[in-house]
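The letters A, B, C and D name the chains in turn, as written, and every chain counts its residues from 1.
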Amino acid sequence: MRVTSRRVELRSDTFTLPTREMREAMVAAELGDDVYGEDPTVRELEGMAARVLGKEAGCFMPSGTMANLSAIMAHCPRGSAALVGMDSDIYRYEAGGASVCGGVVYRPILNRADGGFEPGDILAALPGDVDDPQFAVPKVLCLENPANHAGAKILPEARVRELAELARRHGIAVHLDGARIFNAAVSSGVPAQEIAACADSVQFCLSKGLGAPVGSVVVGRAAFVREVRRIRKMLGGGMRQSGVLAAAGIVALKNRDRLAHDHETARRLAEGLAATPGVEVVSSGMNMVFFRVPGMDHGRFIEEVGARGVAVAELGHERLRAVTHVGVGLDDVDYAVEAVRAVITGTT
Amino acid sequence: MRVTSRRVELRSDTFTLPTREMREAMVAAELGDDVYGEDPTVRELEGMAARVLGKEAGCFMPSGTMANLSAIMAHCPRGSAALVGMDSDIYRYEAGGASVCGGVVYRPILNRADGGFEPGDILAALPGDVDDPQFAVPKVLCLENPANHAGAKILPEARVRELAELARRHGIAVHLDGARIFNAAVSSGVPAQEIAACADSVQFCLSKGLGAPVGSVVVGRAAFVREVRRIRKMLGGGMRQSGVLAAAGIVALKNRDRLAHDHETARRLAEGLAATPGVEVVSSGMNMVFFRVPGMDHGRFIEEVGARGVAVAELGHERLRAVTHVGVGLDDVDYAVEAVRAVITGTT
Amino acid sequence: MRVTSRRVELRSDTFTLPTREMREAMVAAELGDDVYGEDPTVRELEGMAARVLGKEAGCFMPSGTMANLSAIMAHCPRGSAALVGMDSDIYRYEAGGASVCGGVVYRPILNRADGGFEPGDILAALPGDVDDPQFAVPKVLCLENPANHAGAKILPEARVRELAELARRHGIAVHLDGARIFNAAVSSGVPAQEIAACADSVQFCLSKGLGAPVGSVVVGRAAFVREVRRIRKMLGGGMRQSGVLAAAGIVALKNRDRLAHDHETARRLAEGLAATPGVEVVSSGMNMVFFRVPGMDHGRFIEEVGARGVAVAELGHERLRAVTHVGVGLDDVDYAVEAVRAVITGTT
Amino acid sequence: MRVTSRRVELRSDTFTLPTREMREAMVAAELGDDVYGEDPTVRELEGMAARVLGKEAGCFMPSGTMANLSAIMAHCPRGSAALVGMDSDIYRYEAGGASVCGGVVYRPILNRADGGFEPGDILAALPGDVDDPQFAVPKVLCLENPANHAGAKILPEARVRELAELARRHGIAVHLDGARIFNAAVSSGVPAQEIAACADSVQFCLSKGLGAPVGSVVVGRAAFVREVRRIRKMLGGGMRQSGVLAAAGIVALKNRDRLAHDHETARRLAEGLAATPGVEVVSSGMNMVFFRVPGMDHGRFIEEVGARGVAVAELGHERLRAVTHVGVGLDDVDYAVEAVRAVITGTT
C-alpha cells in the first residue's frame, strides 16, 4: 500500500527547519540594530563562531553565497584572480558574483578525486611573471572542505597543508568554503579549528546540517573581517534586528555534535540503497549518499519516488544525491529505501 | 533628578524591535527553503506586498539597500546611468553598489525643497543624442517618497506625475524608494497603491516604522521581479527558511495603520521641542522631527541628551533628527523634551 | 557670392590634421613592439612628457578617455569614489568608464564660474566617517585645467593650491585632466610643470591643439604609471608599433609654442563675432570662443553656416563653440565671421 | 666566428615593422576625426574588412585585446558567461578584461589537441536550467582559429560547424578570435570568409603577420558593430585621426597573400631545426614552429641564442616558439638554425 502523505526530504540539508529550541531562542533573543553594530545576539554568534574556528573575528551573513562572495572580494582587488575548484559550489552555483560585483576573474582548477587540487595544476595557473600586465594575478585559493561535489569528502590534511603552503609562497591567501565544516569535524574527530587552521578565512553555513533557518558566518583576522563587513553593506547584506536569526544560529552552533546522528542515518541509508538491486551507490560520506539507478532515467526516478513522498535530487548531470539532516529519522530512511526499491521493481 | 536607566531611542525607526505578535508569528511560521521557492510564508508576504502596492509580483530582500540595488540593476544594463537624488539615501548611504556591482553610473540630480526634482534638471542630465557613445544613457529615475532628507516630505502628486511622464517619454523607468511609503499613505490618507502607481518598481522596508526585525520587499511587473530575484541570488540575498522573517513582515504589513500613532507621537515631540527655548525645529513630518540647537555643538548635545537616555542623531552635516516608532510612547516623548530642555538650560 | 568649396573647421581642435613634419617623423620613426616595452620612439615620448610636466614617468595612451580612465582606476580601488566636476569632460563625455570598468562611484561637484570647486562643496561630499561602510570613500579629486566647459578658463593658481591641500589632508589624490594644459601654459606664461605641480597625475592630449593624429600621455610617479600601464593592457590600450603615433606626438610636443598662434586667431575670431550684430560672445579664452545667436535656433544656425563651409558645434545645451587650431588661419577666421554675419542677416 | 650584429626576431609576428609601402600610405592617407565617424581611411578599412570576411560591418580597434573584449561585452550582458578555451589567448593573456569591465564570468573549456572543444565539454558547462538564478548563463562561445596554443592549428571545419550549431541551439553566439585568420586562409586555401562563416563576430589583427604597426578589426552584423563601437568609446579606444593607422592596415590587408612566404620560411625553419641534434620539433604550422631543447634549460637557451642575435620565446611553461614574418628571410632562418646548432653543441 502506498503512503503518499509521508514526506522524507532528502534533497538537501538546506531544507532543515528550525527546532523548537531555536524557535524559542528566536523569541527570547535580545535585539538591536546590527547595521549600527548594536545587536548583542549577532555579536555573540560572531564571537562564538570566531572562537570555535580559532580566528580573531566573525561577520554574520544572510547566505553562504554572500559569505563566499564577500570573502573573495576582500582578498581580491579588482582585476585579480581567484583560484577555485572546477566543480566547487563557489564556481558553479554562486552566479559568478565575484566577476560581476568584484571584477575578479575565476580561474577554475581541476578537482581531483579527493576534492583537492594537484599542486602542479595550481602552478600551471600562476602567471609566469606577475608584473606582466597581460595576466590577472591570483590573490586567493578557495578550498571546499568537505568537498560537496567530490561526494562529501574531507580533504586529506597533508593535501591541504601542501596547498596552503604553496599558496603562501606565492602571496596567495587561502579561503575555505566550509559550508559543512562541522560535519567534517564531527565525522573525522578533528576539531573544526584544526581544519580551519590552514585558511586565512573560513565561511560556514548555519542553515544546512546545523539546522538554523538563515545565515552563514565568515571568520578571519579582525582587519579582514572589517573589510568583509564593508563589502556586506554594499551588497545589501547589512540587516537590522538580525539577532532573531543569530539566536537560532547560536543554538545550531552549540548543538553541532548532533550532526553525528545525521551521519548515522546516512550510513543506514547508504547500506539500504547498496543492498537494493538496481541501485549503485557511488560514494557516501558524512550526511550524504551519492547513487545512480542505471536502469532508469533519473528524471523519471525522481518523479516516481517523489510520488511516494521521498525527495531526492540530481547533482551535476549524472548523480543522484540523498542528504540526511535533523528532519530525517532512521525510520524515514527505512521508508525511503523501501520507496526506492518499489520504484525500481515497479511494485506499487 | 536624573533618570539614567530610562532609554528613549529616537535615532531611527530602524531600531524598532519586533512586537510580541511578530515573535509569535515567527515561531508559528510554516517554513520551506526559499532558495527553491518553497517557503509558503515568504510567498504569502510577497503576494501581499504586491497586492497592497498594486503590482504584479514581489521579492523579499534582506535589506532596503539590496532592494534598491537589485531594482536599479534590473532596470539598468551595464554602462547605463541611474538618475538619483543628490540627497537621496540611494546615492548617499548605499555605498555605491550600483556602480560596483552593476557598472551603472549614478547621475545625481539636485533635490528641491519638496524632495523632488525640477524637470529642467532632469532634461539637462539627458544626453543630447542617446546613440552617441560618449554618453552613459539613463535607464531609471529613482524617486524617494517620502523624501527622508527633505525632512520626511511627501512628494506632491502633481510633481510625481510630471516626472514620471517625463521619464517615460525618454524611455526611462521609474523606481520608487518607498522605504517609508506606508508612513506617507497613513499620513496623507492616499492609498499606498496610488502613491506607487507612478512607478515601475517600488521597494519598502519592513524593518523601519512597520517594526519587523529584518527585510524589505521589491514589487513590480512579474518579469521584472524575476530579474530582481536572479540578481538577489548573485548578490547573496537568497535566504533559506526566510519565512521566519517574512512572518514578522506579514504582521508588520497588516498592522501598518498603527503608524498613525507614531505620527501623533512625533507631532507631540515637535510641539514640545518648538516650545523649548534654544531649540529650532526645522521641519517635521510623519514620524520625524528635524531640529537644531543653535547654541550648542551638535556632537556635545547628542552626548549630553544621550547621558540622560535620549538617543538622537545628526543627519547630514547640519541637522538633528528624532524619529518616533512603536518603541516610543507619549510619555517617552515628554521625557525626551524634558531632557533636551535640561541639557540646553544646563540644569541637572 | 557664396563660396561653398572652402571649409573652416571650428568644431574642435581634435580635427587637427598632422603636419608635414609629423608625417615625415612617422615615416622615419624607429619602431619596436611597445607591448614588450621595446618601442624606442614611444619611450622617448613618454620620457619627454614626464620631463616637461615634472613627473617621474609617462605612459602613452590611444585616447584622453583611456588616459583619464586608467588614471582614475589606478587611484581608486573598487568601491571608492572619484570627485569630478559636474560639467567636466570626465563626467559628461567619457561614458562612465570608471563605474563600468572600475566599480568606482562618480561624485560630481558643482563647477563654479572659474571652472574650479568651492572647498565647502568638497567637504560636503566627504563621508562623515570613512570607516562607516555605508559610504563610498573618495580617493581622487579630478581637476580640469584649463576647464573646457567654463569657457576654456585657466583655474586660478590659489584655487588649485587650496583644493589640492584640502584633498591631501583627506588622503585624496589629485588627478589633472590637462587635455589642453599646453594651451594654458602658453596662454598664461606659467610653465606647464608648474601648472602640473599640484597634481599626483596629469593627462594631456597630443591630438587636440598640439596637432598629432592620435594619443594622450599620463604622467605621474613611477609606481603609479606602472599600475596605469597594467590597466591600459586590460582595457586593450596596449599597442604594438605605436612609435608611428608617438613620433608625431614628439613633434607636436616640441612645437607646443605654436599654440600661441591659435590663441591669436581665436582672439581675432572673438573680436569679429563680438562686432557682428546678433551674435553674443559669452566668453573666450585660449583657442576657444563661446557664443550665442539669440535670434536663431542653434541647430538651424549650425546648418546654415555649415552650408557656407564653416563648421561650429553646440556644447552642452546652450552655447555654440568655435575652436581654432593649426588648420585655421587668420583669413579662415575672417571668412568665418563673414559667413556668420551673412547667415544672421539672411544675406546670400 | 660569432656575428653579434645580426638580429633575427622570431619571438612573435607582432614584431613586424611596417613596410615602405605602408609608411607611404600612412603619409598620404586622407584623414578625419574618427570619433565623429569622419575618417575616410578608417571607414575604408572597416568596409574592406567586413567584405573580406563576409560580414555587414567592421570597427577598427587599437588592439586585439580590445577587439576581443568589446566583442565579448557586446555579446554578453553583465552576469552572463563566456565559454573560452582553457589555453586560449583570450583567457590567458588578456588580463581578464571581460570580468573586470564587463562583469562577465569566464567559463574555460578544455582545449583538445586540434585546438577545438569536445561538444560534451560544452554541454557540461551549460546550466541545467537557465532560469535558475544560481547559474551564470553562457552567451558567447569563443573559438580561436587558428589556435595559437595548439601549435598554430587550423580548426577542422566539421568541428567548427558542430560547435557553432551546438551553440546556436542553446542561444549562444559564436565569436571567432581570428587574430591570424589570414594565415589560416592562405595556408589552407579556404577563403577567410568561409572560415568566418560560422561566427557571429570575428576579430583579426593587422599588426601580426599582416605587418601593420597597430590595430585590429571586429566584424559582424551592423547592430552588433554599433554596440561594439559604443563599448570601444567607453574603454577609451576611440581614436582621432586613426586613418594614419588604418592606411597601413589597408595595405596589410590587400597584401595578405604574402603570408605564404612566411609559411615557407617557417617550413624551412622547422626542417632545419628538426635536423638539428638536440632539438625536438613539437609541431609546426603556418608561420610558427614549436620546439624543445630537452638537454638545456629553456631560459639559458633563449639567452644564448639571443647572444647570437636570434630571439625566440617560451610559450606557456614548456615550449619554445619561433615565428616567421615579413622581417624574416630565408637566409635569416638558415642563420637561426645555425645559431641554435652552435648553442646546443656548445661551439662558439
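The working rule: contacts are C-beta pairs under 8 Å (C-beta built on N, C-alpha and C of every residue); 3 or more make two chains touch, one makes a residue touch a chain.
What you see is a predicted model; the values in this text were computed from it and never measured.
Comparing chain pairs A-D and A-B, the larger number of C-beta contacts belongs to A-B.
Of all chains, the one whose CA centroid is most distant from that of subunit B is D.
One simple way to say how far apart two chains are is to compare their mean CA positions; for subunit A and subunit C this gives 53 Å. We define each chain's centre as the mean of its Cα atoms; on that basis subunit A and subunit D are separated by 41 Å.
In terms of their C-alpha centroids, the spacing between subunit A and subunit B amounts to 34 Å.
The multi-chain contact residues of subunit D, meaning those touching 2 or more other chains, are 35, 78-79, 94-96, 100-101, 103, 133-134, 230, 233-234, 238. Subunit D contributes residues 78-79, 81, 92-96, 99-101, 103-106, 108, 124, 128, 133-136, 314, 317 to its touches with subunit A in the complex. Residue ranges of subunit C in contact with subunit A, taken from their complex: 73, 77-79, 101-103, 131, 133-134, 226, 229-234, 238. By the touch criterion stated above, subunit D contacts subunit C in their complex at residues 11-12, 14-18, 23-24, 26-27, 31-33, 35-36, 61-63, 65-70, 94-97, 100-101, 207, 213-215, 230, 233-245, 248.
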